[in-house]
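Before I ask anything, here is the structure I am working with.
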Amino acid sequence: MKNVGIVGFRGYSGAELVRILARHHGVRVLLLEHRADPDDRPRPRGHAGPARIPCTAEEVKTHKLAAVFLATPPEVSMELAPGFLGAGAKVIDLSGAYRLRTPENYQRWYKAEHHQADLLAEAAYGLPEFHRARIAGARLVSNPGCYPTAANLAIQPFVQAGVADRQAGIVCDAKSGTSGAGRKPSLKTSFCEVTGNFSAYSLLDHRHVPEVLQNSGLEEGEFSFVAHLLPVDRGILETIYFRATGIKTGDELVAICEERYRGEPFVRIYDHGKLPDLRAVERTNYCDIGIRYDASTGRAVVVSAIDNLVKGAAGQAVQNMNLILGFKETEGLL
Amino acid sequence: MKNVGIVGFRGYSGAELVRILARHHGVRVLLLEHRADPDDRPRPRGHAGPARIPCTAEEVKTHKLAAVFLATPPEVSMELAPGFLGAGAKVIDLSGAYRLRTPENYQRWYKAEHHQADLLAEAAYGLPEFHRARIAGARLVSNPGCYPTAANLAIQPFVQAGVADRQAGIVCDAKSGTSGAGRKPSLKTSFCEVTGNFSAYSLLDHRHVPEVLQNSGLEEGEFSFVAHLLPVDRGILETIYFRATGIKTGDELVAICEERYRGEPFVRIYDHGKLPDLRAVERTNYCDIGIRYDASTGRAVVVSAIDNLVKGAAGQAVQNMNLILGFKETEGLL
Amino acid sequence: MKNVGIVGFRGYSGAELVRILARHHGVRVLLLEHRADPDDRPRPRGHAGPARIPCTAEEVKTHKLAAVFLATPPEVSMELAPGFLGAGAKVIDLSGAYRLRTPENYQRWYKAEHHQADLLAEAAYGLPEFHRARIAGARLVSNPGCYPTAANLAIQPFVQAGVADRQAGIVCDAKSGTSGAGRKPSLKTSFCEVTGNFSAYSLLDHRHVPEVLQNSGLEEGEFSFVAHLLPVDRGILETIYFRATGIKTGDELVAICEERYRGEPFVRIYDHGKLPDLRAVERTNYCDIGIRYDASTGRAVVVSAIDNLVKGAAGQAVQNMNLILGFKETEGLL
Amino acid sequence: MKNVGIVGFRGYSGAELVRILARHHGVRVLLLEHRADPDDRPRPRGHAGPARIPCTAEEVKTHKLAAVFLATPPEVSMELAPGFLGAGAKVIDLSGAYRLRTPENYQRWYKAEHHQADLLAEAAYGLPEFHRARIAGARLVSNPGCYPTAANLAIQPFVQAGVADRQAGIVCDAKSGTSGAGRKPSLKTSFCEVTGNFSAYSLLDHRHVPEVLQNSGLEEGEFSFVAHLLPVDRGILETIYFRATGIKTGDELVAICEERYRGEPFVRIYDHGKLPDLRAVERTNYCDIGIRYDASTGRAVVVSAIDNLVKGAAGQAVQNMNLILGFKETEGLL
């Protein structure tokens, strides 16, 4: 039984971590109280939840935390990660703080300076289907963004196989549930603004874009990404368009994808023409992928779906924890 | 053509006023800019909306505003109303500032002092079905709360007719859409907290309770009121329970209600056993009332429905404006 | 490892049974295919789900099913239960077929004849908090209705303790998510009719009423029940009003409730004035109970919340299965 | 005052026609009762709605209907249109029956035969911004599909101006509210399936595709269209991607669009980078268009939004009626 900590447990990703880890047989959870927050929900008598401790490196050391999850904004992650690493814990950061490889790239997309170039270089990008070995040996894992998780898993097999016409461009039309925007109240995510509504945002300049470019090797001009806000609590569905070259049938595209993910516990492929929806992956750590190909014109459409709080955040973070702490990769996640 | 002003036009009630008055043939709207607010929605080119002016008594005088709507919090209404009245405008206040008759009662329910006892005494309570004549001659109209509008219209005919057993008590289980909580962002009204959820609040001590007592003559112990937050944008439905005495059939209760509201343009009654839902009154100024009576045990249930932003706020405010400015009562509202 | 079967696995309660039992360590699930149904959702390649067998008594015998869940309409349950019992299986029926004790009562509330008076008399009413011993020894368990589960658990402690004024009457204002109406398409439960809407139905004559009378000993005239349809997927919240006699503080009511449910794994009580909402019990087998008491007038309000598909259906059915098959009562449910 | 009829008034488009025409100063509405339907909502006493007459050509003649709206499935429209035209009425068909120009094309996309080649050739395609003159003189107007209305208005200015790179392909990712699927109950549109969910359907082969090809002159291989089902009642938002050639700034694209629609009452353009959402057009007859251009790579994104029941159905039908009956084009629609 290993102790692990969670900072930011009141946020949606943090609360999901608490829920998932309650089913994990190898860890005991401690909540690191980073700031007082009056918004705790009422709890039934006798059901207090995991113990809370102060959010300091000393406590991390005292409680021998094997790993700490940072479900915090990037600036808080940057503030906490070095000390926790110094205290001997592995760190799994769910923010964008360590996802890009250089301070320059961070500056461009996050509009802020980054003073920990060494940690940027050291951090493993926590997409196990692509970087499993590296994650297993890492001290610091940067958990991927929710949009890039669904995008990278759906696009990469076809880019890698050389069947996607990069010059014609790949379009990724992404839709996310509102929990992706976090728990902090704002007009944009208030009920009356979101319900019965639907909107596009961050056209071509979402800060998750560089995570896709970095992993796929696509150029910025080859990849068009638009985010949309769905009037649902959780879930991401991305509809991806490209021209396929050298492909005769939809089944060939399905086979490329299936081959790529053979043995992967959390990627599921559908028969040609069959599609996942948000419900298919709700509260699961799966990324589901469906494909539709029009052979007469070479147009391909790939639909990928994840739960943004699970495979897009807390679930993938636990998957990464399982890798770095030596648990079975699926523990707590099936 | 008379000029009228709106303070608080960015809030949900204020925006609804703008929408309704755009269809009114007798008034021109000016928006009184009380505070800078960065949250304005983008507007299409060439569609600027009504003109904006500073929110001062001088401007009210300069523009000869016949009436000003205050869609503001109570403390702002108290700050603005005296000056606007002094500038010669009628004032229709949508807040709770002038709904109760004494500073003592205000202190008890609003937990704040009230220093304008004279205006409390002067203000007409803007429920036209009960106080039409008084409203028509008033300088200051206090627009009723959304919950009390639906409750008073549904309860009063039976209390007045003496058929409701007051001693056994009247229960009013009220459910409201989220716009009733206003547009200011808060965790309680954020999308992820409200969607897929439902909750009770202000059990027995909602500040709208005294408006019902004041109008119906019921004692506090005779009237149990609980508010609930619905995962819908707009609408209020109240389910009201009482014991009826001296009543043989449901049709008798329907007849009492119908008789009471004969000629009223905005109250609609259903056949016994038929019920309104929120959709029946959505975006209308109607209060719809359905009744179910179990003759064998004397139990009566009344269901009343309004749109909280129309009959529960902006629509009723325009109805009141029509009365005090001498327009047809239904102008702009059908 | 025991085999158990599910009939009606495509419905919402049946699908929830499949989900819950996938986490149960003592049983293997078989799906009994009662009718072909083209509405199965697409499944990812390699994820077929539990095996399917024909829905006959022979198959029940062949596969040595220790228990069969009937997540079916009452008439189907009546058709299947006798044969399955004859084949040696325990039967847990989620329909209303065996909830009332006599054919006469069934006729009154279900408007249909009942020809199995013996099974009506034999069936155990599957509310473990009230009938645990009887359930454990039963062949046939009638799983309670969703509304009565929340109502009985909330009302009974106070009726039993004699502190609820029965003569003044108890009001139960109940609100349910749409899954309570089943998966069969109908206009009343279609998205455009339900979203943004809210409605009352079955005023004073819902067929779940007799389950409350039967368990609480209340007379029909003492208990007023109205059901409402919430625009949410799942969850029931009931707001219950009564006059308390001989009670000085809210804490006394909390204590009565807590005492009654001491040691119960699935009933949780809140501090006086604190309340559960639907989210508190979503996808759990808990019934959460909050209380508010106004000592000056004797008015009490109790709010109880369950997930209608879990404690209100599939979860409670598994709890009952655990009792009759000798598993730990909470297995698969925490 | 002219008489006009509505067939299919219980459907969502038909009900919207009733609502819109209630505000029209030039027509009186009669409802043509095509089939008995038990699903009428309860109506308050004394509010019966428009008169109902049998659905026959004789009645059309007797009541001198100047125009009849067919808010019916294509096969019903084909059955009724010839007789109503023969009875002297103009016909505005909201189905897909007369949108394509040849029986062959109809056969391909609607998988059914079409025996009225003459009417296919005669029908005016009711998109006033493109075919105003032809509509004004037509006997039979085929009201456009909801998706093609938003797509054609957004795409055509750029195709026509020759700035969209057709070879690279135009992607139209379209999302629609559930009312677009009609009022007939089905599992796919039932509340529990749609709420909290989001799904793609009809990938590359939606039957609305040929309406876009027919109007824009694009080849099938140049236009990729995927439809999605939003968990909202009403509204369509389409995100359209293309490569622009010869364009230096986003303002140039805005100017092309604005120039094309100068004077159009129902198309609104936003400043570069500003976008409409569903709320911007809810319950209006507007099509709102926003544009985002990345000059460094030539990628353009256009977002267009309509209310599928208004500009996408009933509102546009009334706009067409105004044209063919000689009313002001905006009558009843602002």
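Just so it is clear, A, B, C and D label the chains in written order, and each chain counts residues from 1 on its own.
By definition in this document, a residue touches a chain if its C-beta (ideal position, glycine included) is under 8 Å from a C-beta of that chain, and two chains touch if they have at least 3 such contacts.
Remember, predicted model here, so these are calculated numbers, not experimental data.
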*Which of C-D and A-D has more C-beta contact pairs*: A-D
_Most remote chain, CA-based centroid, reference being subunit A_ = B
*At the subunit A/subunit B interface, shared numbers over all numbers used: above half (same) or below half (different)?*
same
*asked:* So the centre of each chain is just the mean of its C-alpha atoms; given that, what is the distance between subunit A and subunit D in Å?
replied: 39
*Report the inter-chain centroid distance for subunit C and subunit D in whole angstrom, where each centroid is the mean of the CA atoms.*
46
_If a residue has to touch 2 or more other chains to count, which residues of subunit B qualify?_
193, 195-196, 231-233, 275, 279
*Viewed as a graph of touching chains, is the assembly arranged as a line, ring, star, complete set, or other?*
complete
*Touching subunit B in the complex: which residues of subunit A?*
12, 39, 178-179, 183, 185-187, 189-196, 231-233
*Touching subunit D in the complex: which residues of subunit B?*
41-42, 44-47, 195-196, 258, 268-271, 274-276, 279-280, 283, 286, 288, 290
*Provide the residue numbers of subunit C that touch subunit B in the complex, in ascending order.*
168-169, 171, 173, 175, 193, 195-201, 203-205, 220-221, 224, 226, 228, 230-235, 237, 239, 241, 243, 273, 275, 277-279, 282, 292, 294, 296-299, 301, 303
